[in-house]
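Before anything else, here's the structure in question.
Letters A, B, C and D name the chains as they come in the text, with residue numbers starting at 1 for each one.
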Amino acid sequence: MEEEIGTGRLEAFSDGVFAIAITLLIIEVHVPHGEDLGRDLLRLWPSYLGYLTSFLTVGVMWINHHQLFSLIDRADRTFLLLHTFLLMLIAFVPFPTAVLAQYIRTDDAMPAAVLYGATLTLTAVLFNAVWRYAAGDRRLLTPAAPQSEVDDITRAYSFGPFIYGGSAALAFLSPKASAAAYLTIAVFFALPLAHWRMAVRRT
Amino acid sequence: MEEEIGTGRLEAFSDGVFAIAITLLIIEVHVPHGEDLGRDLLRLWPSYLGYLTSFLTVGVMWINHHQLFSLIDRADRTFLLLHTFLLMLIAFVPFPTAVLAQYIRTDDAMPAAVLYGATLTLTAVLFNAVWRYAAGDRRLLTPAAPQSEVDDITRAYSFGPFIYGGSAALAFLSPKASAAAYLTIAVFFALPLAHWRMAVRRT
Amino acid sequence: MEEEIGTGRLEAFSDGVFAIAITLLIIEVHVPHGEDLGRDLLRLWPSYLGYLTSFLTVGVMWINHHQLFSLIDRADRTFLLLHTFLLMLIAFVPFPTAVLAQYIRTDDAMPAAVLYGATLTLTAVLFNAVWRYAAGDRRLLTPAAPQSEVDDITRAYSFGPFIYGGSAALAFLSPKASAAAYLTIAVFFALPLAHWRMAVRRT
Amino acid sequence: MEEEIGTGRLEAFSDGVFAIAITLLIIEVHVPHGEDLGRDLLRLWPSYLGYLTSFLTVGVMWINHHQLFSLIDRADRTFLLLHTFLLMLIAFVPFPTAVLAQYIRTDDAMPAAVLYGATLTLTAVLFNAVWRYAAGDRRLLTPAAPQSEVDDITRAYSFGPFIYGGSAALAFLSPKASAAAYLTIAVFFALPLAHWRMAVRRT
């Protein structure tokens, strides 16, 4: 009864959402209006670090998204629903980024760091849901997708929620350690590690 | 005298407008500046629900738009005009979303809920106009479009304005019930119901 | 010495700028914070009309841009420079739109209407410059472009600066008449008039 | 162990980031709220010049990016990381543009001009890094890329960091001269100079 569709326009639409979410991050870095611009610009370092962390994080998510869609070649309605929730979370990232940047040096750093980590944890959960739905029984995979690679991705993704969830939990002990963890994770995932394998095909 | 054109670049342009409108929704969720960040973040729940509702709503509209353009394969000037009005309404959605989120807990919730519903009602009307113009006498349809599917869409779309219009009217009795209806409709349309059929082809 | 390039990625980039400029218009419609939301929302009518006018205007410019690039099939550096200035003006439109909407009911309506008209006049001048550079000696045209159509466009475009310039000049007499003229022009250009001919090919 | 990927979707994603960064520039030009709109609009000239400078600068960067990807036809993880940093800097440009426009006429013009120049210098450094990584040993180049053109680009790009760095250093002597230099550089790079050669192929 339910038909499946191709993913061409879905990828284009997703690229748009990723590109806009990542570029909107700069809107949350506000021009300072204090007495001493030089000092004020330096004191904006949490905004710069937040920009760096979220840009890297969303950038790596884009690369992962790109990779998944090299293996997925059709979509059904359940997939579209899960995928819409995934995009919803990615487009949400500028908000917790701004909250964390503005509150990290205050007594209210804890809820800000929790919000940021909760958003990334939920995003990682959705990445797992989207992938597992598509890859389960090879439901929406291209026949050319090697099963070993599919299994590798499933295994690798399963750590994401725990890594981000752990960093969010760390915020209850030390919000600054939690924020440092988010940046560390982003850099780590972005690094061209030797064991990294990208299965995205020529497009 | 009047020539018809293809829809390739029109779809790309529309994807851009949809992606931006849906991503701009987060701009209207403002960083709180109160005494207690944790409590303030929780009290932002109307903004989160508004974000969820509008993201789902516009996301489903994108899916529908995608579906229509799998059946429509050319455009003329009248179609372009109607389609421009449709995009105009979709790009408008962030404004009533922000108004509703900010006023739903106040004595002014009623006009906010009416504005939100009126926007979606008008959007549904324009979806009908765009589709009926293209599908009437199969004016702009691809020869491959099965007439039964065309008729299914025409029938399904005809309910849209009444569903949204009814929810908007509900705002005069209870703005909160009206807002709940918008969310319910969005979730309902997004659900992968058994009878749902997507006619979008591989792209 | 100077090589020519294709226009595929240039069109994609332009689509992005058009889509974002047109969608950013809604950012300038601000949530009211007065005593009576219903009345305040109604009193925002200049913002709604500004949104309508600029959305239609930029939408029609996108259609025209689309049409030109069905006839232009390569670019050189001079063309890219002129085209960048054209995009710069189109991306500028949200600013005069916001100024006009906020000042049309005040004593300062005149400079606001002049700014809006000057922006559109300059945009029309750039459209002429881009087109005339590409079409002169058929410098960048596809061989398939019929000369009669090329001449039709050259003639039609030559009126643009005068129509917008005249409306801008009208602002010195009556800013409201000037604003009404901008809306009228936008609607007129958007209407599917019988003599309208679109030469854009299937894409 | 490490696989290489094509650049199709990477270019599309980059186009999105460029288009959004360039269009967001207008958000930083704020509607004035003074006594005399006409005078206030004229006094916004630093914002207009900043818009012009950054739009031209990012526009030329887009052209250069386009040119590079006509020679680069695959990507590996290191390249993606460098490229993400490049996009991060381009998406950052609206912030220093706004800072410079708001402070150029104040006593705090110096740090504003330094920030602007530092951003462009770092962007030029990243352009070099991205290119040199791809072109070194022709690591990611298309076989069709003529080595003479590759060498020309390497040579031309190597000046960028010094030109921007020098303009940034000039800010310590005269912030206004520094700002004028940024505009001059943007215009100079945008001009269709006789020796300019664009290697971008038909796309």
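Miscellaneous remarks
The rule we apply is simple: a residue touches a chain if its C-beta (ideal position, glycine included) is under 8 Å from a C-beta of that chain, and two chains touch if they have at least 3 such contacts.
Since we're looking at a predicted model, the values are computed, not measured.
Counting the residue numbers used at the interface between chain C and chain D, under half appear in both copies, so the two copies meet with largely different residues. The chain with its C-alpha centre at the largest distance from the centre of chain C is A.
A rotation of 90° superposes the C-alpha trace of chain A on that of chain B, rounded to the nearest 5. Computed centre separation for the pair chain B/chain C is 26 angstrom, with centres defined by C-alpha atoms. With centres taken as mean Cα positions, chain C sits 36 Å from chain A.
Among the residues of chain D, those touching two or more other chains are numbered 12, 16, 19-20, 24, 27. By the touch criterion stated above, chain C contacts chain B in their complex at residues 11-12, 15-16, 18-20, 22-27, 29, 31-32, 36-38, 41, 51-52, 55-56, 59-60, 62-63, 66, 190-203. Within the complex, the chain D residues that touch chain A are 1-10, 12-13, 16-17, 19-21, 24, 27-28, 74, 76-78, 80-81, 84, 87-88, 91-92, 94-95, 98-99, 102-103, 106, 108, 110-112, 115.
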